[in-house]
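Lettered A, B, C and D in written order, each chain numbered from 1.
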Amino acid sequence: MNDPQMDVDISVNLLSLHLKNPVMPASGCFSFGKEVASFYDLGVLGAIVVKATTLDERLGNPTPRVAETAAGMLNSIGLQNPGVKRVMQEELPYLSRYRSLPVIVNVAGTAIDDYVDVTRQLSSSPDVSAIELNISCPNVKCGGIQFGSDPQMAASMVRAIKAVATHPVIVKLSPNVTDIVEMAVACEEAGADGLSLINTVIGMTIDLERRRPLLGSGAGGLSGPAIKPIAIRMVYDVFRHVSIPVIGIGGIMTGADVIEFLMAGATAVQVGTANFVDPLACPRIIDETREWCVQHGVRSIREIIGAAQPANGG
Amino acid sequence: MAPMPDVEVFAHETLGKDLYALTFASPIDLRAGNYQPGQFLHIRVSQSFDFLLRRPLSLCYADVDQNRLTVVYRTQGAGTRRLTACKPGDVIDVLGPLGQGFPIRAQDHRTLLIGGGVGVPPLLELAKQLRASGKTVQTVVGFQTAGQLMLVEELAAYGEVTVMTDDGSAGTRGLVTTALTAELCSLADRYYACGPSPMLKAVQQTMRVRNVPGYLSLEERMGCGIGICVGCVHAVYRDGQLTNAKTCREGPVFDEREVVFA
Amino acid sequence: MNDPQMDVDISVNLLSLHLKNPVMPASGCFSFGKEVASFYDLGVLGAIVVKATTLDERLGNPTPRVAETAAGMLNSIGLQNPGVKRVMQEELPYLSRYRSLPVIVNVAGTAIDDYVDVTRQLSSSPDVSAIELNISCPNVKCGGIQFGSDPQMAASMVRAIKAVATHPVIVKLSPNVTDIVEMAVACEEAGADGLSLINTVIGMTIDLERRRPLLGSGAGGLSGPAIKPIAIRMVYDVFRHVSIPVIGIGGIMTGADVIEFLMAGATAVQVGTANFVDPLACPRIIDETREWCVQHGVRSIREIIGAAQPANGG
Amino acid sequence: MAPMPDVEVFAHETLGKDLYALTFASPIDLRAGNYQPGQFLHIRVSQSFDFLLRRPLSLCYADVDQNRLTVVYRTQGAGTRRLTACKPGDVIDVLGPLGQGFPIRAQDHRTLLIGGGVGVPPLLELAKQLRASGKTVQTVVGFQTAGQLMLVEELAAYGEVTVMTDDGSAGTRGLVTTALTAELCSLADRYYACGPSPMLKAVQQTMRVRNVPGYLSLEERMGCGIGICVGCVHAVYRDGQLTNAKTCREGPVFDEREVVFA
């Protein structure tokens, strides 16, 4: 069972994409990749998800935009980005040097038309492998989150995007809902090719000295190890109700966390906050994931996807 | 490729009440010279998730011979208090030096350094390097009260130091800007300032009136420190447009001409 | 501002009750008080909230029922309790020795009739000061949580209870909803006298060796410091939309945490998980709360309730 | 009133691979005698929220003269691994001894102790006290493999010890129940068992057949350790009814007659 020389296969298939391992950085936690490229070869990643991209440039929210909480952090970046045109011209081409690295572009906006417009522009790009529809950012007023909490609205958004997208469309869900399964099913029925969950949980912390919310914008999105149990449960529940692949996100810091999400039902995972704690987090987590498989005699990581589900004896 | 972030602590001295100097092995080879005064180290105060984010502390002194770096910090909250527990021989996780530091300009002769509170530490390495490149250094530092003074003697090794305190308990009563008289400023080719935002804003205004160009080191709350979270931005006016620059990567030091305060 | 001899008043008025301080143990985290009474004089508490009480005895969920997570824990106790009759006979009379200690009884059930029946029985008890309606326990199938996620159902429940209750009725809300304000407003309109929030957040953790959810019942409720930012934001948002008092709950470990909830808008707070970490948590937290007021020149703690709200300059 | 939970560590020895003995000042005055073998200490392995819950470890040895307690533990997960970092002189946060331990019955002459894995430590203090009250002690301990043996010599000071291993690498191959022959059991007035649930269930069945009364110390995941979270329950049959008892407060030791296994 425990042969250190054992060859393990940690590649997974996600939609039409082949990922050499299930680990990718999460949107907004890796910018567009260049900065981290000075720390390691991005080619080791399973895929890369870039920062949310909107139709026009956005300056985002007032500072402070980040705050530490117990085993987590709050952010209220508010989708600062240079707008889809500049993203396509200045950011994405850089990533094409990593030949086998799928690039997933996170798309955000305010109204359906924005999203459609961004998607249409991206559809012509040779540098894009898939679209991740961000209907779950808690940090913009009238932002995506209304689509993320109403199944009907989510479904219309997905249909509109699918009508123009030439790439697979992954819908990123918000955990700030009463019934995550209902949201997931609505997106699947509307044609989503995959789901990623979870985005951040709405939270707040107060600066006791200034007697006001610490973040410039009041509330923010909670991420990090604190939210992992919330994310695991949502992945676990959604997995049983959909047949499209699920990408697990929330609090991943180690290879064991990756395994936990896979056992819950995720086909792949995204690593967010961990990149801030340690720029080398992704390659370390990939190594640890492989090592866990070696230690546990798992020859192909695909064996353990959904292993903790009741149907699999979990 | 990235340097190993785990480095050994060599000394951890108490400089005063709540004030510490931490010296550790440099994560980079200082002899290669690719570091600048005004850059910062991004330090994990503990491996516990209680302190998930790193803390930014300015490079205060670089000992090139021994390849050691020193940061000087005041305990502020739980994180810096936790950091005080680390002892010589311990290994800490340090990223850096990161960011854009203070540029040293060949054409300058006389420099004016302005620091407030925990903005003073980076001025020490700056003063050292300015002197080493043959410039004169004049320094003005401000503190709330006498008990918070730091690095005054060390700075005095490189030039005259004027001390200001809010309550007059040491040096002269007043803000640093009180000391930035037309006379003093007329002697400066360039200024370098680091401190809290209200001070920097006042310094920027005063020095524009005095017609002295300079650099400001901005302080914003940071997530990653390496430019990937977009948490630490500050408004700058660039290419005719108002935009948000990442202080961790494009800063913390900016040309005062582009910095916009609210 | 900072006179160590300063006399500070940390008492608060909650409904008709006068609390000598704003701190009470949370339901399910203090049993019925007897065990902790061997650690300190319960008379120092602002009030006490006892374990959820149902019509009939319940044995609860299979073990394991508790699991540790980052800065938190999951539980799936499942309302184990001896039933309202025995609670009234064997548990509550013990607490009457603490003269000025308000006793709040947490009421749970499956159908409205159960809740009404329990409330009716408690209404005759001289040992009860208020009812806390638990429509938010995530740990029982067909349990209270359906009432906790649908505003209409919550309202009918509140109306039914108010019709029979002789004590003030506090409604304990679940954070597992899309819109906490909507729930709060529905309860207020239906006659609730106060609100307490939050109950636990649904979560899960997987036992990697056994490849199944660690808790015997699968999912559980997340509590502890990890959820504090979620709770603070909900208290902050609800405060502005209701005029009944709010009790803040979630991750309180220190006096500073109490102050944070009060600034967000809570009139009082409940301490849950901290009691498990440290049986002396409540008296320590009360001392720290008083000390914070002394350090900050706050003569009456009532001054800071809602201080971080925009209307108060926050 | 509660004893102070912060106590000093006196010794922390490595007994074998992943096996440690931790000795610390007793939170209670042991000379007062109000502690029992089979009780447990509820220990915070760190003040970090990474380890929010305490870990239960059995009282293994009480040194009344020095007022010190020893627990013996095997690293299992991150918490016990964290505990290994504490050194003599450190202060740790310990609640206890808690719960109901093994009753020592005046009428018994010959006792049989049965332990499996990390269930063995409480048997040492038990054996010591049984011998001190004049009873004979016969012990059967089971481990997965030779490398996991613990406290065998120490137990041998109080009576004969039979060692069983799953793989036969030490003692006799087999489960502890293999050793519980009619012959061995005929020599016992009472048995005391501690170990994982499957072992306890098998022991209960075997000893019922052998007609020997006894006590079982149950192992359940605990939240509070003091009876307020209702996390640690185990099914018991009591007053003609099936109910759930809190193992932290009504146990961990129960009369085998009331313990119901699934």
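The definition used in the following text is that a residue touches a chain if its C-beta (ideal position, glycine included) is under 8 Å from a C-beta of that chain, and two chains touch if they have at least 3 such contacts.
All figures in this text were calculated on a predicted structure; none of them were measured in a lab.
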Touching chain A and also chain B, the following chains: C, D
If a chain touches chain C and chain D alike, it appears here: A, B
Averaged-CA centre spacing for the pair chain C and chain A, given as whole angstrom: 34
Chain B and chain C: spacing of chain centres that average the CA atoms, whole Å: 46
Computed distance of Cα centres, chain D from chain B, in Å: 57
Of all residues in chain A, the ones touching two or more other chains: 70-72, 224-226
Contacts with 2+ other chains: residues of chain B: 49-50
Category of the chain touch graph - line, ring, star, complete, other: complete
List of chain B residues in touch with chain C within their complex: 49-50
Residue ranges of chain A touching chain C (in the complex, touch as defined): 69-72, 74, 149, 176-179, 201-206, 208, 211-213, 218-219, 222, 224-230, 232-233, 236-237, 251, 256, 259-260, 263-264, 292, 304, 307-308, 312-314
Touching residues on chain D, where the partner in the complex is chain C: 1-2, 5, 44, 49-54, 79, 93, 95, 220-234, 242-244, 249
Touching residues on chain C, where the partner in the complex is chain D: 28-31, 35-36, 38-40, 51, 59-60, 63-68, 70-73, 75, 77, 80, 224-226, 253, 273, 275-280
Chain B partner contacts - residues on chain C that touch it in the complex: 70-71
